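Note that subunit A is present in both complexes that follow, paired respectively with subunit B and with subunit C.
Now for the complex of A and B:
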């Protein structure tokens, strides 16, 4: 049974929140989505099938030598950071 | 005479004959982009300073304007993925496809609107507003590559890049009366594409002719050391393009076309779509192709959409975990790093995206993994195995691209549990499950709205798919059509 509290828990695990109205909409939407998910359960006796995680076997994967081929300038990495100091991204103290 | 509204092939010819310059084309393209922007919202960013790179060798795309979906990295140009959480993000590198376009001398005149983070099929979920269908402003163009589809359909550019995880290029192409193509998985590098669901994501293109797809593919194809999933190919698509498809064997799925499967929501529109498909099959036979009906387990067909939704939402939750507002994106407020991230994500994602993420989170809960996530992976394999078996005998699968014309913005009445929705409207994810090359081409009009034909082939047989599409295209009068100009 899906409840608003459970949905809140799922959202918080992914580090965001929604407002009450949004949770209500989602609860209704879940009803349809779970019915769609039931269609997955309609297909029986598949436990021996290996789940597919990639479209096909790659035949051209090669291990590369452990050589530096490119690097990124720190200034470029920092260019989009909301807060920075010198060569570092600034965040609140992690260890008090 | 306006040359920008031609196909790549026509524009190339005009440029080679010195009838038009690249600068004139870019100016015309930019002017159209601005003219239509308020009405259709195809672009997040219009690049008014667009110009050709220096020292470009002669090649078919040299000097030709194009547009790029805004989830593809462009160095120094705002790239938002149509999300508030990236609304100020300016990449410091180009995606490989962007590098290749620049090297070819193609000129990007703008970044196109999408459903936020490419997660949606309507073109209504961008942080800058909804994208409208150029054939009817009361209807959506579809998504997620909504702006790219609208820009090509409006005649602003002859081609645009998109990304396709379930049908995000092919469906809006069908709704917009243009050509939409996604290649074999990996044939076009994805380095620099913001990932949605890595095992399903592809980059592809919108054009107004099948031949133009070959021009774009020849530019973008091939192995990229920055994308370990990319593939090499020896095929020169333009040189190998032929309309001689005599003897090619194609199939359609019986259960998809069986009118008895749509008893609950059968209407005139569906009848016309199915009749149009019957006509298309006649045309295939006239071209000398063998057309056969093949039966497919309907339970597997009904499970395509939930399987796609399960896999994509689950993969999306982890792919988007880097959107924290710490290293890039607007900073959240809070006393700790966790609070800052929580606040940035709460403010940065729209409600629609959050709903998909919550579903992904639900699917990945320990108690649901076996039942949903792993079983979806198993069904994916069963469907792909069946397709691979069929592709041993057939060169392509042909189906209607849709079960309905582009919906109006007010359409709330689509029954998401109906066969019409689950089978006809959402089958194209098969192409993503197996990484199969797949194209949609315009094949007619129903209720004055364009509809499309979907053609899908075996992995690495992109040329077969293009040739069949190229031959069928010649049987219709829709090549090169622009929404605004068809009476």
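Now for the complex of A and C:
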């Protein structure tokens, strides 16, 4: 059972918060998701079915040779950063 | 009360490759911030990891060196957690079928042999590095994606000495096998220590305390010793040890609580779906096995048991693989093992340390060393002259025979020539002869010194000494 308190707890563990309206929206979304999970849960006789990790039973045939290297320009590296300082991405301080 | 200490180690070591584990950016994180980064390291949407072949080979090599079982297929797993140094929101690692399981290595703890059990070794990627300031942190992604090998021991170590001996042996394997430079001073090797104390004889382990990210062997030793005392004191007072993670502070040499481990964190591991499994063929594994050189433990044991060298000298020689190879080459050429060990551990290593050079740069080859030693054994030069020749050879970069010729070094073993000099010295030092006869035995050294002076060091010292005794006896 997902409750607003649980969502708040998860959000805080992930270090963010939302307003009440957003929690309500999320709660409704969870309702839908859990109903879908129930549908899957009702499927019978799956104990002998292997979990599907890969869509095809194929192995990698070749790995990447450790030869040529490349990198992207610093402008590109920082282009999506909300905040930056010098050549680095700046984030709020979170030290465990 | 007496307690038994139990320690398990988790050791991270960076793998020496040209590029990163899952991206083609350069494995060189000490350069300018964010200069070795691709969209894969930054987890841009839509990008896929590609596995570095060299890193896989080195991981298999290390697994074999640790006598581990190598799986049939190489799988990776996702470890999900959220932290700013992990751009994807998960780390690609190995958990359900790592590259090595159930291994062991033998290590010397002092002169005793200890078998250390390896729970597993797995290949994974490093995180970005964070620098913390007053109210913000900065992220450099150069380190994100560097290949790491994590070796996990069973809780089978029982003292700081055993832990250190294992770490040193592990480090040597990384270096001997050319898997990593394993430099702790550059943070290439980092260690988590799990430690618990239980009353001696107890079948149950005590409560485990974890110390994270200790970056030098000296600190591992200090942290373990501190923690043993702290836990002993607490247990003696009847306190309960709390399962927690502690941090070692190398300024005041104490450990501090970081967080209490209420429940283990659920990382929601699952098989990494973006990397199809890679079959580790038997032939591939056997080819890698062939590239593993004789390791430190094997070499020390052989030097002691087959060559009769002291444990101390053997340990000194194997510290550097190239030095061990040089030493073995000397033996192949027929130089007596103890003589070789003496030359390598005292004269050659002292010279390398002093000049801060490596044995690969040493001009004196094992073959040249043999020439010098032959001349000593044939009585043509003295040990003292041999040292002089050695220094001249490495300095002038000329062969020993050439140097001997140039310096005019030769040893006189001509009895009558030495005797004549001895007689004249004795004639002039009647009083010292009396002192010698009166028991001052060091007078003999003075006489030998005088002969050496007059012959410019060319008189055979053994012969000189016995002639002096003979001549004094006659007076």
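By definition in this document, the second predicted complex is superposed on the first by the 60 of 96 C-alpha atoms of A that agree within 3 Å, B and C clash if a C-alpha of one lies under 4 Å from a C-alpha of the other, contacts with A are read in each partner's own complex, and residues count from 1 in each chain.
Here, a contact is a pair of C-beta atoms (placed from the backbone, for glycine too) under 8 Å apart; a residue touches a chain by one contact, two chains touch by 3 or more.
The structure presented is a predicted model; accordingly, all values stated were derived computationally and were not measured.
J.: Which partner does A:49 contact after superposing on A: first (subunit B), second (subunit C), both, neither?
T.: Touch partner of A:49: subunit B, not subunit C.
J.: A:89 contacts which: subunit B (first), subunit C (second), both, neither?
T.: both
J.: Could you say whether A:58 touches subunit B, subunit C, both of them, or neither, answering first, second, both or neither?
T.: A:58: touches subunit B and subunit C.
J.: Would you check which partner chain A:10 touches, where first means subunit B only, second means subunit C only, and both and neither mean what they say?
T.: first
J.: Could you tell me if A:74 is touching subunit B, subunit C, both of them or neither one (first, second, both, neither)?
T.: After superposing on A, A:74 lies in contact with subunit C but is clear of subunit B.
J.: What is the contact status of A:36 with respect to subunit B (first) and subunit C (second): first, second, both, or neither?
T.: Only subunit B; A:36 stays clear of subunit C.
J.: Which chain, subunit B or subunit C, is in touch with more residues of subunit A?
T.: Of subunit B and subunit C, the partner in contact with more residues of subunit A is B.
J.: Have a look at where A:66 lands relative to subunit B and subunit C in the superposition and call it first, second, both or neither.
T.: Once the two structures are laid over each other on A, A:66 reaches subunit C alone.
J.: Which parts of subunit A are touched by subunit B and by subunit C alike?
T.: 14-15, 53-54, 58, 60, 64, 69, 72, 77, 80, 83, 89, 91-92, 94
J.: Applying the document's contact rule, which stretches of subunit A touch subunit B when the two form their complex?
T.: By the definition above, subunit A touches subunit B via 2, 7, 10-11, 13-18, 22, 25-26, 29-30, 32-33, 35-37, 39-43, 46-47, 49-56, 58, 60-61, 64, 69, 72-73, 76-77, 79-83, 89, 91-92, 94.
J.: Of all residues in subunit A, which touch subunit C in the complex?
T.: Residues 14-15, 53-54, 58-60, 63-72, 74, 77-78, 80, 83, 85-96 of subunit A touch subunit C in their complex.
J.: If you look only at subunit B, which of its residues touch subunit A in the complex?
T.: That would be residues 88-90, 92-93, 185-186, 199-200, 223, 225, 228-229, 231-232, 299-300, 302-303, 305-307, 309-310, 317, 321, 324-331, 334-338, 340-342, 345-346, 349, 351, 354-355, 357-362, 365, 371-382, 384, 416-417, 422, 432-436, 459 of subunit B.
J.: Note which residues of subunit C are touching subunit A in the complex, please.
T.: 17-19, 24-26, 32-39, 42, 44, 50-56, 73, 82-84, 131-141, 258-259, 270-271, 273, 275-279
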